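I've put the structures underneath this note.
The following pair of complexes shares a single chain, subunit A, combined with subunit B in the former and subunit C in the latter.
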Partner chain A sequence: MSATVSLSKSEKSYIRTALGELSPIRADGRSLLDYRSIALETGVASLANGSARVNIGKTAGEESGSGTEVIAAVKLEVEGVLEGEGVDGGRLMCTVSCSPAAYPHLSSAALDDLSYDMTIILNQCLSHPSLHPKNLVIIPKRRSWLLTLDVIVLSDSGNVYDALFLAARSALCDTKVPKTRSVQYQPKSNALGEQDVEMSAEAPASIFSTKEVKSTADFELADYWDEGEPLDINQEWPVCVTLNLLSAKSLPTYFLDATSQEEAAIPLRLLLLFSFSPSGTRLQSMRLMGDGEIQLESMTQLLESGENHARKLFQALKNKLQEEDFRRNQKALARFDLR
Partner chain B sequence: MVTFTSFPNPKDSFSYAPPKFSTEDKNDMDIDVYEDDDDGEDFDSGTKLTCPGEPITSSHAYMRGHGTFIDQETVISSVAGTIERVNKLVSVRAIRTRYNAEVGDLIVGRITEVQPRRWKVDANSRQDAVLMLSSINLPGGVQRRKLESDELQIRQFFEEGDLLVAEVQSFFADGTMSLHTRSLTYGKLRNGQLVCVPPILIRRLKSHFVSLPCNVDLILGLNGYIWVSKHINQNRRPGEEGLDAESVYSNQNEAIDAPTRMAISRVTNLIKVLASHFVPLSDVILLEAYEWAIENDVEVKDLTQTDVCEALILTVGTKG
Partner chain C sequence: MSTNFDRRRINGPEDSFSPVLVDDDEDETKWRPGKPRQSRQPQDIRPIFLQPGLISQANGSAYIETERTKIACAVYGPRQSKNVGYIERGRLNVQVKFAPFSCHKRRAPIRDAEDRSIAVLIHQSLVSSVRLELFPKSTIDVFLTIIENDGIDSCVATGTVAASTALADAGIEMLGLVTSCAATLMGEEIWLDPNHDEATAGASTLVLACMPALNVVTSVWQNGTISPKQGLECMKACQERCETIHSIVAQSLVSNFTPE
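Let's look at the complex of A and B:
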């Protein structure tokens, strides 16, 4: 994977030497394991079922264009299992697109490649069967939700993968699946359960064909006080930690949250994706990026420390998401009071 | 250490009253122009900021220049910027824009492409600048002429990604600028790091080579690229006696000690903070900001925090 910024040899060596010293100094004064400040907001797209915006390293006072900014949005669509492409139990599709403004030096073909690389990493991790939410079913073996997660990279100043997964996790946690109720087609309008609603001939028969008369034929949206229920594996969505490896020695030093200049100066990056659930910690996915190489023995050590960092990040994100939830409830209440 | 913050609230919408441009004003302006054409600063050119869509003057009396358009006999600004007037031509110079070069400007650029006998240089301008092989100083003396072997080993001088400081020499017919480094003060950059700011924040100074007393040298490129590097001793400066010709195109950094690196990082962060609050940069302001940071004992990484930024801007930004 090519670097997104170009650096001269002397700049690279300046960064590498500074990081490799006994008391390492980074270009912006952070220590090796410091993150830049991360700004996060959920519910940014009102038409999406769940959305989030993440910015890593925004300079205070700057209006836009600084830091790594990513917006993620989840949209749910109905899919037929028998007639459409749908799969029983629902499916997940992730797409990442990079704004040309984020990578002004890349050609459009290189930009497509980059978005494709990011899409693969996000999609392979999140649509893995081990992370499948169970409440994407509408009618078993008939209709299910297709969950599309679209992520846009608005600007990149390094550590874009951590930002991608932070935004993805926040948007998925924010997602509400609309409540549905099965509807039965009954030729003779006998009194049945309260659940069943009679369908008249004028009912929109366009996509929801009523010809397949079986136990449950179709569904309707339940009139519910909230938009719906959260996905049932909320806690398990993974967080990503990128370990930027300085050298391929037996005891590799690494640092977190690299700027794009630092990314261009180092030989190797290790992406680790951890999922924390009550049942335990799972390494969901890992990937090495760059042209350097690493000894297998040092991997276990890196995995261990990566897990620690991921847990801290996970905990901080969890607190922030709760805070966001609270803030939005307060806002909604205030708006309700105004009416 | 991970800290999550929230996005700042969008500014509360303020009531917008369009600036008055009545027929009376128009008449006044016309009279003004005819009476004192020499100092006719009748619409505050250069001091007032325009908004896109803001009426400036009548199209009967003035010609529209860059950054304006005409709607219903009124010259209207199409960008946010300052009004400039040359005789009857009214134009608006945008605040946020790419670098508009002028001959003689000192710029810092990065090589993007190596072509036969020339380099393409990214200079934050609309088009890449051109640096010809014939307009650089070849090692071995000012008098040395370009040889065929130089053309074949063009990457020995500059290669892709290299940073250089140069001067705008001239413009080609299509508006591309041509650079030169035919002075020993120009050339390849090393021992430091680059900061990018909006070009409008760099003032024209007597010298764009600034030495701060904290052992840091600055090159303030007029295109908004600033090179922050370790201080090089006066007699080892390019162009002085102690210079060896080979080191002009060297990629090797000198040994830089920790305090100097810290100072470089501090200056870099200060520039970023000042730029994010749109404070024009000069050596005086930078020095003041640096002293403020030392006096208040601010850690380098804390400089970008909101409260520290604001305290800094309050003390330094107002003095500019």
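Let's look at the complex of A and C:
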């Protein structure tokens, strides 16, 4: 993983010394465990099934052009299981593309590598079977939804992984899977092979009866209005917390939400992805990135504090998503009534 | 339901099915998810065959085999970096290629042979062990060829061991030998060094790379769902096993060493 900005040795040492002080100093005046302000909006892409835009670190008063900005959108496509690449039960695919505008000094090959690395991290975590949504099936063993999650990094001023997963989680929570109904064509018994067929719509075929499955030929969208059900997974979609490790010897010290300068100065990062559901806290992914090493004993403490930070972030995001949902549904309806 | 349906012809079915080629339904002895582990204990690893110096034209090389994972690694360098300006620290370049016949599905050469995600993970495990500050303006190339693949986790772990052995064989200065071990969470049990079937059946997989001589961890990579407590247990189990692997690596290097 290449650093996104290049700094001189003295600049790096300046940042590192300031962070390592007894009372640490950061360029923007935050304490080690402070996040920059996070802005989030869902439903930004009207043609997508679910979408979200996240900005970390936009300074108040400025319209745009500062902070880390990421857009995520979910598109659902119908896929045949028998023909093509589809699998029974549906698939989830994530792609990250980094805009050249976000990384102006990277060559196009380096940019591709960076996008690929981010894609792998997102894909390995989110398309793991433990997070697979159950309602991506249209007709068992025949048709399923292919869920593609595309994330675009519009600008990067540090902490891009947290932003990626915030946007991914918001877009996935925002996603509505269209309701479908299985449809069957039955030729009339006396006129076998004739053109006139009778159409009967039935409830989604049960998985237990193979006879029903075979007879279902196609499906139709159940609703005229563009609505559907949210994705149905056993757990919650995870949130990411990046711990930037200052020293990982016996007493680990770290800071959160690094700017790109700080990222260049402190090479070692620990990515932790947690998912919080009523059944308990689950670690969904963990990854050490960068040049450096840590002691296993310090991992206990890092995991513990990472979990605390992730829980706060998760709760804040949950509240914000509810607020967004309210804004887009109830408020919009109320405004519609006023007219 | 085509509109011009010709009844005089023999019409085939609307859908066709590709034949199922794998016939593992009959085999009673085959391991299946839910069964206890076959032929070894949960905390056991597969036997390792490690031979440094098999590729004579390379500065250093190693071949590793753990049952059905077979990886060859060659190290070239340190040599002059091409097409770049002055760099103060040397560069460690890791490339992983799959042989076309290494997986169930054919990996087409050139188009589909390279896997950057494995290379990134192996690079992560190795980079802090090599004293790159001693090699300004130069590159150390580590080329890995996966001859047989039995799970990505196992490839990352054994690939790291092979690469570290090859680096030592090339006489490149390092802070310590890097060894690596994978684990999977099967129910409530931790199974070390899983093969492909076990890794896919497990709820979560974890690969840990460390330098046992210095007691530091250089890479952790976990995927899937696991409780934080079990995650720590996995890491501890892996680190313990890495010490065993360390002695295997050291022994193979010593027995290959011929004083000039």
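In this text, the second predicted complex is superposed on the first by the 301 of 339 C-alpha atoms of A that agree within 3 Å, B and C clash if a C-alpha of one lies under 4 Å from a C-alpha of the other, contacts with A are read in each partner's own complex, and residues count from 1 in each chain.
Definition applied: a contact is a pair of C-beta atoms (placed from the backbone, for glycine too) under 8 Å apart; a residue touches a chain by one contact, two chains touch by 3 or more.
In this text the structure is predicted, and so the values were computed from the model without any measurement.
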Could you say whether A:R269 touches subunit B, subunit C, both of them, or neither, answering first, second, both or neither? neither
Looking at the overlay, does A:R169 come into contact with subunit B only (first), subunit C only (second), both, or neither? neither
Is A:I38 in contact with subunit B, with subunit C, with both, or with neither (first, second, both, neither)? first
Answer with first, second, both or neither: which of subunit B and subunit C does A:A18 touch in the superposed model? first
Once the shared chain is lined up, is A:M286 touching subunit B (first), subunit C (second), both, or neither of them? second
Should A:S66 be classified as contacting the first partner (subunit B), the second (subunit C), both, or neither? first
Of the partners subunit B and subunit C, which touch A:N319 in the superposed model: first, second, both, neither? first
First (subunit B), second (subunit C), both or neither: which does A:R53 touch? first
Could you say whether A:Q124 touches subunit B, subunit C, both of them, or neither, answering first, second, both or neither? second
Between subunit B and subunit C, which residues of subunit A are contacted by each of them? none
State the interface residues of subunit B toward subunit A in the complex, per the touch definition above. 1-7, 110, 112, 122, 160-163, 188-194, 251-253, 256, 258, 261-262, 265-266, 268-269, 272-273, 276-277, 299-306, 309-310, 313
Within the complex, which stretch of subunit A touches subunit C? 1, 82-83, 113, 116-117, 120, 124-125, 128-131, 185, 193, 195, 197, 235, 270, 275, 280-296, 299-300, 303-304, 307
Spell out the residues on subunit C that touch subunit A in their complex, using ranges where they run on. 1, 3, 5, 7, 15-18, 116-117, 120, 124, 127-128, 203-204, 206, 210-211, 214-228, 231-232, 235-236, 239
State the interface residues of subunit A toward subunit B in the complex, per the touch definition above. 6-11, 13-15, 17-18, 21, 23, 25-31, 33-41, 53, 55, 59-62, 66, 105, 261, 312-313, 316-317, 319-320, 324, 327
